[in-house]
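Chain IDs A, B, C and D follow the sequence of writing; residue 1 opens each chain.
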Amino acid sequence: MREIGIGIVGGGYMGKAHAVAMAAVGAVFATTLRPRLEMVCATSEASAERYRAAYGFARATADWRALVADPRVEAVIIASPQETHRPIAEAAFAAGKPVFCEKPLGASLEDSRAMVAAAERSGLANMTGFNYIRTPASQFARALVREGAIGRVTWFRGEHCEDFLADPERPANWRTTGEANGTMGDLAPHMINAALALIGPVERLIAEIETVHHDRPGGRVGNDDQAQMMCRFASGAMGHLHFSRIATGRKMGYAYEITGTRGAIRFDQEDQNALWLYRAEGPEATRGFAKILTGPAHPDYLAFCQGPGHGTGYQDQIIIEARDFLRAIETGEPVWPTFRDGLEVSRIVAAARAAAAERRWVEVADF
Amino acid sequence: MREIGIGIVGGGYMGKAHAVAMAAVGAVFATTLRPRLEMVCATSEASAERYRAAYGFARATADWRALVADPRVEAVIIASPQETHRPIAEAAFAAGKPVFCEKPLGASLEDSRAMVAAAERSGLANMTGFNYIRTPASQFARALVREGAIGRVTWFRGEHCEDFLADPERPANWRTTGEANGTMGDLAPHMINAALALIGPVERLIAEIETVHHDRPGGRVGNDDQAQMMCRFASGAMGHLHFSRIATGRKMGYAYEITGTRGAIRFDQEDQNALWLYRAEGPEATRGFAKILTGPAHPDYLAFCQGPGHGTGYQDQIIIEARDFLRAIETGEPVWPTFRDGLEVSRIVAAARAAAAERRWVEVADF
Amino acid sequence: MREIGIGIVGGGYMGKAHAVAMAAVGAVFATTLRPRLEMVCATSEASAERYRAAYGFARATADWRALVADPRVEAVIIASPQETHRPIAEAAFAAGKPVFCEKPLGASLEDSRAMVAAAERSGLANMTGFNYIRTPASQFARALVREGAIGRVTWFRGEHCEDFLADPERPANWRTTGEANGTMGDLAPHMINAALALIGPVERLIAEIETVHHDRPGGRVGNDDQAQMMCRFASGAMGHLHFSRIATGRKMGYAYEITGTRGAIRFDQEDQNALWLYRAEGPEATRGFAKILTGPAHPDYLAFCQGPGHGTGYQDQIIIEARDFLRAIETGEPVWPTFRDGLEVSRIVAAARAAAAERRWVEVADF
Amino acid sequence: MREIGIGIVGGGYMGKAHAVAMAAVGAVFATTLRPRLEMVCATSEASAERYRAAYGFARATADWRALVADPRVEAVIIASPQETHRPIAEAAFAAGKPVFCEKPLGASLEDSRAMVAAAERSGLANMTGFNYIRTPASQFARALVREGAIGRVTWFRGEHCEDFLADPERPANWRTTGEANGTMGDLAPHMINAALALIGPVERLIAEIETVHHDRPGGRVGNDDQAQMMCRFASGAMGHLHFSRIATGRKMGYAYEITGTRGAIRFDQEDQNALWLYRAEGPEATRGFAKILTGPAHPDYLAFCQGPGHGTGYQDQIIIEARDFLRAIETGEPVWPTFRDGLEVSRIVAAARAAAAERRWVEVADF
């Protein structure tokens, strides 16, 4: 057991989540590496200091280069805006430090590729932050599919739908400008990553990307509100993905259904502690989707609670990520999803943009 | 109140449903026209006689022309295989008799067009049998959308998924041969009709149609197992439709979600007595999808039961259709969905087949 | 196959339900006896004639004695107020006619006993109308418990909760006067019957019966709004029953949970086409309550529809009752629940009234 | 902001939960007092050292007196077996230290009384650990009831059901011996506390307490498996509570329904991020139970996540408790539930034991 100094760039939504996770992960998982909240970086000295005090970091800075270079910072978490991901990651790897980067990996496909190159050149631990796929339920779904519990997959439908911009009167803000902050840039990567994790590579796709509300109080909207794509997986399965930030009523609609020849799985993050499993077994009269409550029998649950059905939450997903990142650092073994896995998601986003613009099916291999 | 002699062509699944409906509809709705089960037609004298005795018809025949021509048969219900729809309908209209025809209207787009022409030339009552849209819940959903209760619709997702052919070991049978009996021919029309009823005309679409299990015990499969389409409604809404007869675990997965700028609706026929409604009103803390149980406050419920939540079922949808058909006959006013409405569905099916074959977006106007 | 003339006393809520059921049952179940709607009786000539015309009876009367005595009435259905049940039933049996009587059997325990005596003396078919237990789901639940699918039952909780009098401003009416029309008289019998059917005899119990809203616009309330009882079944299982007509938000809350040593069952009539079954089998990780949709694999479903999950409704329960009553008449074999079964329910209601009044545990054997 | 040294007695299930909570609470809530994991006590030096290392405490001990007396331990959390609660609490108060004690407060009513006396004499912060009532959903339910959102409460039903001893072949262990470890001692307090929090004091009750499985592999069972009580709240509401550790299929069945004259609430901890609210408002046609997903609009959610529907879990409840305990220490103001609130629960448990033994209604005031 030894301490490791953690530096986090960004102290907002995800920066806080990672700070809490690093504070808790040692006690939860009895990790070999024990995080020390060493330094937090924000856009101004004042906000950095505020985050430092709130989350319990030792030091604060408004200069991410100082954080990356600091000798007591031994690992870097990037939770800053997407266009900053690449330079920070490149600097951190250059300084010999493992990097955890929030999704999406790069602000562009080019950025993502460069980040993977830097990561792989360095030989250092690198991870992309797709937290939702780390619930015990979704990890279990992944295991079920892999083991063939539902037979050969013939259909996958996934969605990531929220409604934070459903009201057309909601004013324009940073989320309504910049491709990276639109629905395809911000929400889609989570469910694309889930599709890849659950079903495997996508071969071709066709997509629609749309801005529904072009004008909002305070300004013109510069990115997309909703999108959908039909796709074909390399395994042969047919698929559909839908993403929306205007899905009135949906709060955390990260949901999927997987149909196989011998069973099916359904999941909705809004009830993240349940997985629905149907198996075409036994007498017809007793078949039905079973609502399985996650518990110690499922991946990464027991560390949080010995009782089944007691439930894990959003913050716990980040704690699981923290454990994985520490393990990657400790063992030198890559832990999924690496930067390369993040790049695969970026390629599909890029392919979808092309398919939507050109109104035609595209091959993912071309991206 | 006066009697009307009913002739039904086909005594199987839907033939029986209509026979029961005609026996019950008078008592349920106190209709002006009171059906008399006059004659049933089946493929052989023996099976026709069996149906006659079972359902309580006065007479039986193996010749639909005899049924259509019989003077005591005053209205004709077509519940026979799809390739027979057109000649029966044409003969019935020629004989001056109103016709109710099970979906899909014609076995081909050409047939459907001819049937509409015959119907409209005759000036007689004509209806297409889309029963699911007649539940109190879906009728209410339609009213809510029309009244603007959820604002402007931005997204529609519909599916008709069952699993009766999910098992690849299920032998080949009549359902696995003939385009009209495939998923696009048999299941898709229901949900396409729902989409049109709920959201309005479809402008363009792109589709995939697939046979997953090509070989089954007993023979080669000649039609499609699953399909999907992305579409754009004339109203501007983005849409997606999915159809499957291999959706393991789904028994009556006629389900839709409608997202609007001020609310949303969700429905699943597997719980046909509930409609989920979200309204973006009131304090955020008390917003949520309300599970509304159908009752006397909803369309066509009260005649079945005075108590809310007591529930209607599959057979009741057919009884509602029967009431509507009798009303169309009685009043001379067309009752939705007419043959022309059935044709609209056929056009979309045809457009989807073309879009899938040519792997491109198509305009529905071209079909 | 032969006709049988049906006479129904009462043309309101349940009278209509039975009229529709008798009109439809032949076609649905291909019964040997084919009902003919012979005569309907109501409180006035005018209303009787109105019912006759609406439901399609041959004749109408305001005198139930005339109906019972009529030679063309071969079987009698009692759907009139509870205090009339006994004299009508006694007269019908005396006239040699089978009787179906709506629940609760008699308006008092004494009435119920007299009715059983008359029925058994006559040797004629007799049935009590507990419709809810006849859904395919509840019939299947009964079979599962009987076969030991959930092991030994240790706990039963049942409720019959509606909210038609939840609003204190709802005016006083016939439902708010007379013991027989209160919650214990009107709603409780359904769930008590279910408890007996599912778990077996009740040995002892203690209860609370309460009028919550004593005054309503238009008058003083004369009967009970809600009640509960703890009970012990002869099998050893612990039980609880709850009844309410002021259960705000509950529309048809006829619901139960049955816990056994090897499994559990949950059911709610508000989603009457689903039964939830948990079995303590297989790996812990895949255990969960399965939502089983009723279908042809379940009792009495197939006659209504060949497709699973398509759903039956309230009216279909009455059609199943009609089939059972006709079968009892035809075969001479008693069909559950007979008048004696109805009496068992009345005894528990009487025991509960005593337990509540005396505030102590009572033995059902004493009633 | 200043540090505070925390000592935890017990390192098992709840000891770990509190250790994690104290590690995380500062970052989550930006608390003024910042916990330092100072010392953990377990039954042996070896296990204490193991807990120390795993959770990150500075020191370990096998002697709770040493922990209580240690000058660097400034607050004590009791998470050890119930019979140890009283002496530890008394010693801690005597040493001038605030105490957080896991439920149930004392192993007996006498112990609970003594603990309240010691706490109140000391004037120090004291809290009882009822974590489930601290979910954002249940806190919101409490607020809704208090504000009259559902009118006057007429009915409350609560249960705490799990199935960890449902299998009769599960061997005897510490949980199957000792009154305090039975269902009434271990599970019932949670839901009794919820009932008091949501509805207010209980006036009288009658109960049944039962051991279903008397013999298990490895020994005779010495405490109860399931129990139920009917009760009357001081407010006039009728109530029922049920507790079970043999409720096959129920994993975390801490569930309640609250019926009021103008609305109703339903909650089940197995889906802890949803609260179901029915309001008798607006047109009948749009009424239904709304499934409200917890989010920043609900109590204590925002600190865990800015997005609604993203969900909190079991561990987060303990973090909320930690925040409250720190606040009580900091401000000197009692934070609900204090030891006195824990005593109220113990009184009801004692009353229920008497009511069950004597088979009669008892007044809670007599305990």
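Note that contacts are C-beta pairs under 8 Å (C-beta built on N, C-alpha and C of every residue); 3 or more make two chains touch, one makes a residue touch a chain.
This structure is a prediction, so every number in the text was calculated from the model and none was measured.
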Farthest-lying chain, centroid of Cα atoms versus that of subunit A: C
Pair joined by the larger number of C-beta contacts - A-C, A-D: A-D
Geometric centre distance via CA averages, subunit B-subunit A, whole Å: 42
Centre-to-centre distance between subunit C and subunit A (centres being mean Cα positions), rounded to whole Å: 54
Distance between chain centroids, defined by C-alpha means - subunit A, subunit D (Å): 34
Subunit D residues counted as touching two or more neighbouring chains: 250, 274, 287-289, 293, 295, 308
Residue ranges of subunit D touching subunit A (in the complex, touch as defined): 1, 13, 16-17, 19-20, 23-24, 26-28, 30, 34, 37, 53-56, 162, 164, 250-253, 269-274, 293, 295, 304-316
Sites on subunit C touched by subunit A in the complex: 140, 274, 276-277, 279, 283-293, 295, 297-298, 308
Of subunit D, residues touching subunit C in the complex: 150-151, 154-155, 157, 163, 166-168, 206, 208, 210, 212, 225-226, 228, 230, 232, 238, 240, 242, 244, 246-250, 259-264, 278, 280, 287-289, 359-361
